[in-house]
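The structures come next, written out as structure tokens.
Consider the two complexes below, in which chain A is the common component and chain B and chain C are the respective partners.
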Partner chain A sequence: MSEPHGVREYLLAFADDEHLMGQQHTEWIGIAPFLEEDLAVSSIGQDELGHAALLYELVLDLEGVEATDPALDALAFGRPSDDYRCCHLVEYTTSDWAEALVRHWVYDTFEAMRWKLVAGSSLPKLASVARKALQEEAFHCRHADALLDKLLAAPEARKRILEALEVVGPLVTGLCEPVEGEAEAIRTGVAAGSTTDLLAPLQQAAEERFGAAPVNSLLDHGQNRRTTRSADFEPLLARMREVFDYDPEAIW
Partner chain B sequence: MRVYEVFVKKDGRNEFRHVGALEAATDELALVLAREVYLRRAEGDRLWVVRRDHVVAAPGDFVDPNADKPHRHHDGAAVAARRMAARQSPS
Partner chain C sequence: MTRSWATMEDFEAFLDDGGLVEADDPMPDAYRQAVFAFIEMHANSELMGGLTERDWIPKTPGLRHKMAVLAKTQDEIGHGHLLYMVAADLGVKTRVEMLEDLFAGRSRFHNVFHYRAVTWGDQVAIAFLVDAAALISQQAVFKNCSYGPYKRILRRIIAEEGFHMRLGEDRMLRIAEGTDRQRLMFQESLNRWFWPALQLFGPDSESDDVLLRWHIKSERNEVLRDRWVQRFVPMLQSYGFTIPAPDMRWDAVRHRWDVGSIDWEPLKRTLAQGGPDSSRRIREAADNWSRTAWVRAALSDNGAAANGAGNGSTSTGGS
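And now, the complex of A and B:
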């Protein structure tokens, strides 16, 4: 039964990336540089959380489990950490707004390409989620680009953004790193191609955007096909579970 | 940063209504921020943002005198009374 497992792992990697990225964006509520940005970035985070919820539903579908709220919560929050398949880029705790903005641009530019890979998926539900998500991604990218257009034109801001790119850049290969199960997902038509192939266009887009390509180390730099967690993961999961843990049986 | 006034048109309605304002550095940022700040719950289907300094605003006392012109408010009572009188008078 390697086939459903492979597809499950593929969908989990996608869902976990969206879930953690959404969480990271929403953590800016109240502390982003100005009020409008504060609302915008957390609203974009909610879009990503919405994608995560739909992708987790697909995982439950595959397992033959009804997608009730407790089942979704258990999947999203209750797995042992080595069952997560997120990349280290979305686990990373940024140290300032510049890093968060650079990651926002990198992630959403990648995400739009990633949804295109499943827009014609053999899983009809996944294809329909992709169509919806792609419309949203166009606006997420416009948001990041509009901010960067303005900031990269100001010398001090530009310097800080390029410094942030030095920090975020090495995590970009990990974002494009597929899980083991991706091969099954491609073979069964769930996905049209590998996320590895998105690295080159992403680097090119980054070069055009920043005038500098993100630094890249070797493709395998410790994620081991997304099966390992970075040091930032546990504290992040604890923050995500903070309310949930007060009363795991509660009906919301 | 500039201040932009935000107008939203609801689905199925003709008129744009003022919903608030925001600060943004460029027109494009004003649009993308307004979309997330004022329309994320589908509050409307069309959006305008207008730079506040592009609004042609009348001074505060510009329309004040019009507040005291009772002769412009007619409920038709005087006309009705005259018509009634005309109908009842033998002609």
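And now, the complex of A and C:
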């Protein structure tokens, strides 16, 4: 595997996670439990999609392609399924708000740690994106924590949150699972360490948060270095591509 | 400073003089009810507008495009949020009561949000034609609005709506300059949305309309409707789209487009909650509201204000 290919794959995994997580937030706009929460998901969704756009731009930089809207969208929406490198946690489609909230907490807690790994990246643009993203992640984590502080203190809500953790928890290991290309990214200084090493601190944070370890780190989730897609992926991508597919020649 | 008006005549003279009523003023009850109903409908419409658009937000074609749409949506929900607070301060209903009335089908929202957006073209038609109609109405209310808290909120809403309209216009232009399939999609959307958007202004104002007399509205419905027609009919035609109004003609004497006679039956049915998508829309909103009731219950048990409950007092004022 050539060097740029490894870095490309590393950046794609990060970008795809951000893209799909942002996408999942958009599904809650208008039907969140209260208006302030509708506002929060619109805002957090925008941030995550923004991170995805910047990361896809870095991939285009590596390829020497100008980051026009069509080039960016071809990368974000137009790849064959087996070229995506997202984890199954962000593919997971749910209409349960407790599950969405637990995923939001897990994802953003992990994401803040993940950005720190690239804050001193040998790719200057990635380092600068990381600095901006870390500020936003502090807000995202505070948002999820503030809700969980209150909900975990109320018995009925606590029960629902812990049930949601049972569903979301098994997907957490896959979130930390790196792509094959990560080794190249670390060797070339693009990233300071492996996302595998984030699993232990993430588990510890989850234990402190929920009072229960949500994951079994030995579980094999069949992601196979993020090269396989879960059952939720195809319908989700089809939904995201619906307008593009209506007329492949069109610019919207 | 507490003010009061001995008679309705005094109050109306104050309004005619350009006076601004504040939330803690002892306003006549009929005025309070009229202002409340107007703002409640505006707030409901911002919220139901979001629900109309939400079917297509996750399908927005393009990553940066979707970010722009989310920014707009965030503004719209923010408007609903502010408007519910302004309405609640009038002490007629709390925010929760307003939402529950909305989800029970007991209160009103704009006719256009009783229709379903069935294609992406509809989403663009809403962002362009409907938002423009709403903006024209809001500008007219803002110009001479006698209720201070509403007037101040409208200043901000109008500024943001201006950006939204430009976004809608930009998306319409891409389609107008696009492929045959895109243009066909938008023409079909125009066929569906032209008349509902036009009817957003309502039928001609009655001569004794209290909303006009009390300077809640500043211009008659037919004047605003005509402003929208004169602006959008030529624009859409210049991009080669057909206005779905067979009787429409150019009045060479008045130098104006005349859309012909308007069938108001769809509007009457819609406002009686019998619109094309009313029952689905309200049922889904109610289902979603009840499915997350546990969240609001837990937050209010904790004494949190996040669910917006209990803001029913008139004493907060609107300085």
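Rule of thumb we're sticking to: the second predicted complex is superposed on the first by the 244 of 252 C-alpha atoms of A that agree within 3 Å, B and C clash if a C-alpha of one lies under 4 Å from a C-alpha of the other, contacts with A are read in each partner's own complex, and residues count from 1 in each chain.
Just so it is clear, contacts are C-beta pairs under 8 Å (C-beta built on N, C-alpha and C of every residue); 3 or more make two chains touch, one makes a residue touch a chain.
Please read these numbers as outputs of a predicted model, since none were measured by experiment.
J.: Go through the superposed model and pick first if A:E156 touches only chain B, second if only chain C, both, or neither.
T.: Touch status of A:E156: second partner only.
J.: Going by the contact rule set out at the top, does A:L39 touch chain B (first), chain C (second), both, or neither?
T.: The answer is both, since A:L39 touches chain B and chain C.
J.: State whether A:H143 touches chain B only (first), chain C only (second), both chains, or neither.
T.: first
J.: Does chain A have more residues touched by chain B or by chain C?
T.: Partner touching more chain A residues in the overlay: C.
J.: In the superposed arrangement, which partner chain does A:L72 touch: chain B (first), chain C (second), both, or neither?
T.: In the superposed model, A:L72 contacts chain C only, not chain B.
J.: Go through the superposed model and pick first if A:I29 touches only chain B, second if only chain C, both, or neither.
T.: In the superposition, A:I29 contacts chain C only.
J.: Quick check on the output: what are the common chain A residues between the chain B footprint and the chain C footprint?
T.: Correct list for chain A: 34-36, 39, 43, 46, 150.
J.: Would you mind writing out the residues of chain A in touch with chain C in their complex?
T.: Those residues of chain A that touch chain C are 19, 22-23, 26-27, 29-36, 38-39, 42-43, 45-46, 49-50, 52-53, 56, 69, 72-73, 76-77, 97, 150-151, 153-154, 156-157, 160, 239-240, 242-244, 246-247, 249-252.
J.: Contact residues on chain C for chain A in the complex?
T.: 47, 50-51, 53-54, 57-67, 70-71, 73-74, 77-78, 80-81, 84, 120, 171, 174-175, 178-179, 181-182, 185, 285, 288, 291-292, 294-299, 301-302, 304, 306-308
J.: For chain A, which residues count as touching chain B in their complex?
T.: 34-37, 39-40, 43-44, 46, 139, 142-143, 146-147, 149-150
J.: Can you list the residues on chain B that touch chain A in the complex?
T.: Within the complex, chain B touches chain A at residues 1, 22-26, 28-29, 32-33, 35-37, 40.
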